[in-house]
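We call the chains A, B, C and D, going by the order they appear; numbering starts again at 1 in every chain.
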Amino acid sequence: MLIVMSKGATAEEIEVVIKRIEAHGWQAKPIPGGERTAIGILRNHGPVDGAMFLGMPGVRDAIPVSKPYKLVSREMKRENTTISLGNGDVIIGGDKIVVAAGPCAVESEKQAISIAESVKKSGAAIFRAGAFKPRTSPYAFQGLGKKGLQILSKVREETGLFIVSEATDHEVCDVVEKYADIIQIGTRNMQNYRLLKRAGQAKKPVLLKRGMSATMDEFFMAAEYIMSEGNDQVIMCERGIRTFTKHSRNTLDINAIPFMLKTTHLPVMVDPSHAAGRRDQVTALARASVAAGCHGLLVEVHNAPDQAMSDGPQSLLPEEFDDLIKGLKAMNFQV
Amino acid sequence: MLIVMSKGATAEEIEVVIKRIEAHGWQAKPIPGGERTAIGILRNHGPVDGAMFLGMPGVRDAIPVSKPYKLVSREMKRENTTISLGNGDVIIGGDKIVVAAGPCAVESEKQAISIAESVKKSGAAIFRAGAFKPRTSPYAFQGLGKKGLQILSKVREETGLFIVSEATDHEVCDVVEKYADIIQIGTRNMQNYRLLKRAGQAKKPVLLKRGMSATMDEFFMAAEYIMSEGNDQVIMCERGIRTFTKHSRNTLDINAIPFMLKTTHLPVMVDPSHAAGRRDQVTALARASVAAGCHGLLVEVHNAPDQAMSDGPQSLLPEEFDDLIKGLKAMNFQV
Amino acid sequence: MLIVMSKGATAEEIEVVIKRIEAHGWQAKPIPGGERTAIGILRNHGPVDGAMFLGMPGVRDAIPVSKPYKLVSREMKRENTTISLGNGDVIIGGDKIVVAAGPCAVESEKQAISIAESVKKSGAAIFRAGAFKPRTSPYAFQGLGKKGLQILSKVREETGLFIVSEATDHEVCDVVEKYADIIQIGTRNMQNYRLLKRAGQAKKPVLLKRGMSATMDEFFMAAEYIMSEGNDQVIMCERGIRTFTKHSRNTLDINAIPFMLKTTHLPVMVDPSHAAGRRDQVTALARASVAAGCHGLLVEVHNAPDQAMSDGPQSLLPEEFDDLIKGLKAMNFQV
Amino acid sequence: MLIVMSKGATAEEIEVVIKRIEAHGWQAKPIPGGERTAIGILRNHGPVDGAMFLGMPGVRDAIPVSKPYKLVSREMKRENTTISLGNGDVIIGGDKIVVAAGPCAVESEKQAISIAESVKKSGAAIFRAGAFKPRTSPYAFQGLGKKGLQILSKVREETGLFIVSEATDHEVCDVVEKYADIIQIGTRNMQNYRLLKRAGQAKKPVLLKRGMSATMDEFFMAAEYIMSEGNDQVIMCERGIRTFTKHSRNTLDINAIPFMLKTTHLPVMVDPSHAAGRRDQVTALARASVAAGCHGLLVEVHNAPDQAMSDGPQSLLPEEFDDLIKGLKAMNFQV
C-alpha cells in the first residue's frame, strides 16, 4: 500500500499518517518526491485497506501495491499446473485442447447418452451436464438432482467420457464429488465461500467459473480459497462478463486469457456458450478463445435445443459442434 | 416474446417460426407491419427464451415483452408493503426513514453495546452487525459466528434496538432466524437459491441486498424466490453496482430507487456505506438516497474504524453518523 | 509512477528497469520491501505510461501515482471557484442552487418564450436550449442553428434569464459565444480537443458535460484543456454514465458529486434529465443531486413533450418542474 | 415500437395511448394478449422514442422493435461490401486478412520508412500512423500535422504500402483525404457528426472506429451518417470497450465480430493494440479476432517503443509483429 500525500501536506500531517501505520504494527517508509511525499506500508500480513487513510488530512490517495493472492500466483510456482484425468488419458493444461461438451441439464438417460456419443465422436474428452441447476426463476426446471448424477455415471461407463457437473452448494458437493470427475462451481457461486472451502477439501479437480462481474483479483482469490484448503487441482473458467452491450448476453473477456496465462500457473478454460448466450456467436467465440491460448473449452450441445429444458438457445446442434472441432483442427490445433 | 422478422423474410420462413411456437404449445400471433412482420408469442406459462429463435432463417430479433416476476410486482398488489418490527414500534415502508446502523462485524460485547448506544441516541432504530462474514480473502477475519449473534441479542435487550444480521448460507439461516429480527441476505448471495428458499420459509423479514451486477429483473426474481416460498416480508436493498469508474468502490444506482418504488410494492432501503466504499462519500450518498425516496438506510458506524476487523475504511465515526441524521432532519425528513 | 518488481526479480532485472527510467531523463528511486522491490519514478514532466515497463523481465506491475491534471485540482487552488453571471445576479458555485431549465431544442420563438416564462416563475435562473443539436440519427431534427440562438437572445431580453446553449464544434463555438452567456460542451464532445481549445479561448464560462464513459481523470483532463488555454470559468456537469443496467437510459453517478467537490475547485452541476432518460425518474435524481451537494441543475422542461422535436420523453412538464423546485425548497435548499 | 400496458390497464387508458400514437400521424395496432394488451406503432418515419409513453397511466413498458439504421444493414444489401485499394491490389472484406501496421504517430521520415519497410516484409498491406493526434492531455505531443502526412506520402512511394491516417475534425479531413488512402475516424470522434458528414462526402474509404462505450446501434448509426452522404466505402473497426475490468485498458468485444458479420454488409477490422493497451496481450487478441472472422487488423508497431512519442507501451516490436503474422499463417489464414 502506498499513501500519497497532497502537495501542500504539512510535516505534522505526514507524521500522523506514519503514526497510524505504525499503530497497526506495520512499517511506514516515507518516500519524498519532487512535489509531494508518498508513504509505503511494509511488513503488513494480510491485505491493508487503503480507504482507511482516505479521510485523513493531507492524504490524497491510497494505492494498493501487492496482490492479495499467493498460492494461485505464478510467482509461487513458475511451471504450469496440469490436471490429469484417468491415468493421464486427458491432461488439462498441456498442449492439446481439451473439450467438454454436452447439454445444459441432464434430462434423461437416453438424451444424455445420445448426445455423449455424438460429442465423443466429434472429439470431446469430457461430458458436461448439470444435475443440480441454479435457475434465475423459482418456477423453472431445477434439474434431476442425484438421479441426474447417476445417469452421468452411466454415460461415463458407456462412452468413456469423463464427467464435469455443477455443485450448487456445499452439501450438493458431497454427492457431485462422488459421481463426477470434475466438480464445477458456477458463476453465481464464485463467492460462495462455504462451497469454495468444501471444494478445497475434495479429492477431485474443481472447475471454477468466473463471476459475472468479478475482477481478476476476485477470481484469483476464489481459487485461493480452494487451494488454501489443500486442493491444488483448480481450473479457471472464463465465461463472459457483464457489460453495457446488448448484442450478446455477456461479453467474453478475451483479454483475460493472456492475462491469466501470464499471472497464474493454473489451466484456463473458456465457456463460449454462456459468453454468447445465443447460438449464432458460439463458434466464433470458441475459435477466438483457442487462438488466444486457452487450454480447453466447455460447450453446450443439444440434439434438440428447441425442446431443451434449459439454455437451449445457446446450445449448438451436434453437427455444428462437429464443425467447430473440425474448424479448430483446420487451424492446426490438436483436440 | 415478440419475434421480429427480417424485411425480406419469406412466407415460408414466417410459417416455420409459427410452427415452432405452436410446437411448444404456445399461441403465435403474426402482426404484419408496413415493412416487416412480427410474431407475438402468447399463452406461454413461464418465461420464453427468445434466443431460441435467433438462429432461424428470416428472424431478425427476439424481444422479451412480459416480465418474469409476479409476486413482487406492483401489478399484483398496488399498496405498499410495510414491515412492522415489535408491535409497530418500527415500520419499514411507511413515512418515517428507518435507519439501521452499526459496525460491519460484531467484534466484542463491549464494542457492540457501545456503538449501539451511540447510534440509538442519534436516531437509529435497528442495529446492524455481522456475526457470520463472507470475506473475499480466506486469510481474513470470518466473524464470531453464533457467539456474535448472542452478543447481538444482548444489544437488543440493553438498548431496545432491533437486530439485522447476515445469513451466509441456508444452515446459518437457522441460527440467524433465531437471534435476529431481520435476516440479511448479502450481495454475493443474491442468487444463492438454496438460501433464498430457506429465507422464504423463515418467519422473520428478509433484507435482500442487490447483487453487484444484478439487473432489476434479476433482483426482483431473487425476491420472487423468497416470496414464492410464502414469506412476503422482503426489503429490497440497493448497495451500489459495479461500473467502469475508479473514484469509488461501487456506483450507487440512484436511478434504481424511483424505478423500484414504481415497479414493486416492497420497501426499499439503501446501503450508502458499501455503495461508496470510502468514508468521505457515505454521507452524501445517504442524503441523496433519502431525497430520492427510499424508506430507510443501512449505515456502517464504528467507534474506532482504524482498528475495525473489517470494512473500517467505509465506517462513519459516531459523530459523523450523528451529523448525517441531523442533516436528514434539517431536510425535513422524519427519522 | 511506481514499478513493482516480482518476488523473484534479479538484481540485473532491477538494474535494467532503473537504466530505462534514467534513459528518459527521469530519476529512479528503488524502494526495497520485505518481499519485493518497487521503483519510484521521479522528476518526470508530463505523464509516464507505466505500460511501457509491463513487458520487461521481472516487472510485475506499474502503478500510476500522480494525477495528470493540475489547474483543475484543489491542490492548486483551495477555495471554490465561483462563476458570476450579470453583475453577480447569479453565482454558480455559491450557497444557492442555480437551476437551468428549458427544452432540449429551440423550436420557435413562441415556444421558447412561453417555456422560459414558466420556468422563470418556478425559480430557474438560466434558460437552457439547443440551437445546434448533435443527433444520433442523420435523419433527425438537427436544430435551428443561428436562428435558434437569435431566439435565445430574445428570451434573455424578455425574461432576464441567462442563456446556456451547446457548441457542437469549434466553428459553431464562435456564434454560440456571441449569443449565449454560457457555452455548453456536450457529452459526445468531451474529448473533441479542437473544440475544448476553442472554448478555452472564449471569454464566456463553459459548461462541460462528462462523457458517457469518462473516468474522473479524463473528465478533469478535458477541463484542463480548457483551463490551459486561459479560461478558468469551467462548470463540471455530471449527466449519467453508461452501465449494464436497463431500467434507465444512463446511471447518474451520484458518487462523483462528493468526489468532485473534494478534488476540484470548480463548480459542479448535474443534468438529471439525461441521467434518467425517462420523465418518471428526473425529479428523484434532481433531489438526490442537490442533497448530495451539487451547485446546480440542468433540467429539460417542455410544455408539450409529446410534440417536442427532440428528447421529449425525458422532459418535465412545467408543473412537474414547479413541483421539483418546491420540493427542493421544502428540503430547505435555497434556489 | 411496442407499448406494453399493465395488467390492470383500463379500456380508457388504452384508448388514450392509441390517440396519442395517432396524433403523431402513426398507426396504432392493439394486440390483446392473455393477460395484458400491447399496442404496436406502425407507419412511423424515423425513430420513435418510447420513453414518451412511459409516464402515461396504464403503460408498463415501451419496447423498440425496429432498428434505426438502414443503409448499413444486411437487410438492405445481402452481399458483403468489399473495399478495393489500388486496382484491386488490396481488397478489404474478401478472403485475405488485410493488415495495417505502423506506429501510433509519425515522428520522422526515417522512423516511418524504417518501420514501414519492416512491416511490409512481414506481410502488412497498409501503413497506419497518425499525423494529427487526439491526446487526452493538453501537454502531450499532438502530432506533426500536414508534415506528417507528407512523410506518409513518401512512405507510400518508397514501399508501395497504402496509407491510413486519422482525421481529427472536418477541416483536418480535407488534408487527410488528399494524402491518405483511407481516412480514419477515431474512437473519440465516433459521434462527431460534422466530421462524419464530411467523411461521407469524401472520395476515399473511411475506417470508422467504435466509440469506447458505443452500442452496436450507435456504431451502425455513425456509419449510417457517412453512408447517408453518399460514401458507401466504410470499414467498421472494433477497438475495445470500456468495462469494469482492470487487467487491460479496454476489453475487446469479441462478440461484436460475429454480430457485425451477420448484421451489416460492411467489412470488419479489429485494432488489438488499443483493445489491449499493453503489449503482452496484443498478439493473443489479434489471433482471436482473426479466428473469430474479422477481415483485417490494425496493429501498432514501433522499432523503439520506449522512445515512442505516443502509445509506445502497446506497440509491438517489428520481430513480435513478424511472429504475429507467422502465427496467423500457421493457423492457415491468408495474409
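Here is the rule we go by: a contact is a pair of C-beta atoms (placed from the backbone, for glycine too) under 8 Å apart; a residue touches a chain by one contact, two chains touch by 3 or more.
What you see is a predicted model; the values in this text were computed from it and never measured.
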Any chain in contact with chain A as well as chain D: B, C
Identity of the chain that, by mean CA position, is farthest from chain D: B
Geometric centre distance via CA averages, chain B-chain A, whole Å: 25
Inter-chain centre distance, chain B versus chain C - centres from mean C-alpha coordinates, in Å: 31
Centroid distance [mean C-alpha coordinates] between chain D and chain B, Å: 38
Overlap residues in chain A, where contacts from two or more other chains coincide: 213, 242-244, 280
Chain A-touching residues of chain C, taken from the complex the two chains share: 2, 4, 6-8, 29, 31, 33-36, 38, 40, 42-43, 60-61, 63, 65-66, 75, 78, 242-244
Contact footprint of chain A on chain D as seen in their complex: 213, 215-217, 241, 243-248, 250-259, 262, 275-276, 280-281, 283-285, 287-293, 330-332
Residue numbers on chain A that touch chain B, as the complex places them: 20, 23-24, 46-47, 49-55, 68, 134-140, 168-170, 188-189, 191-194, 197, 212-213, 218, 221, 224-225, 228-229, 242, 249, 277-280, 305-306, 311-314
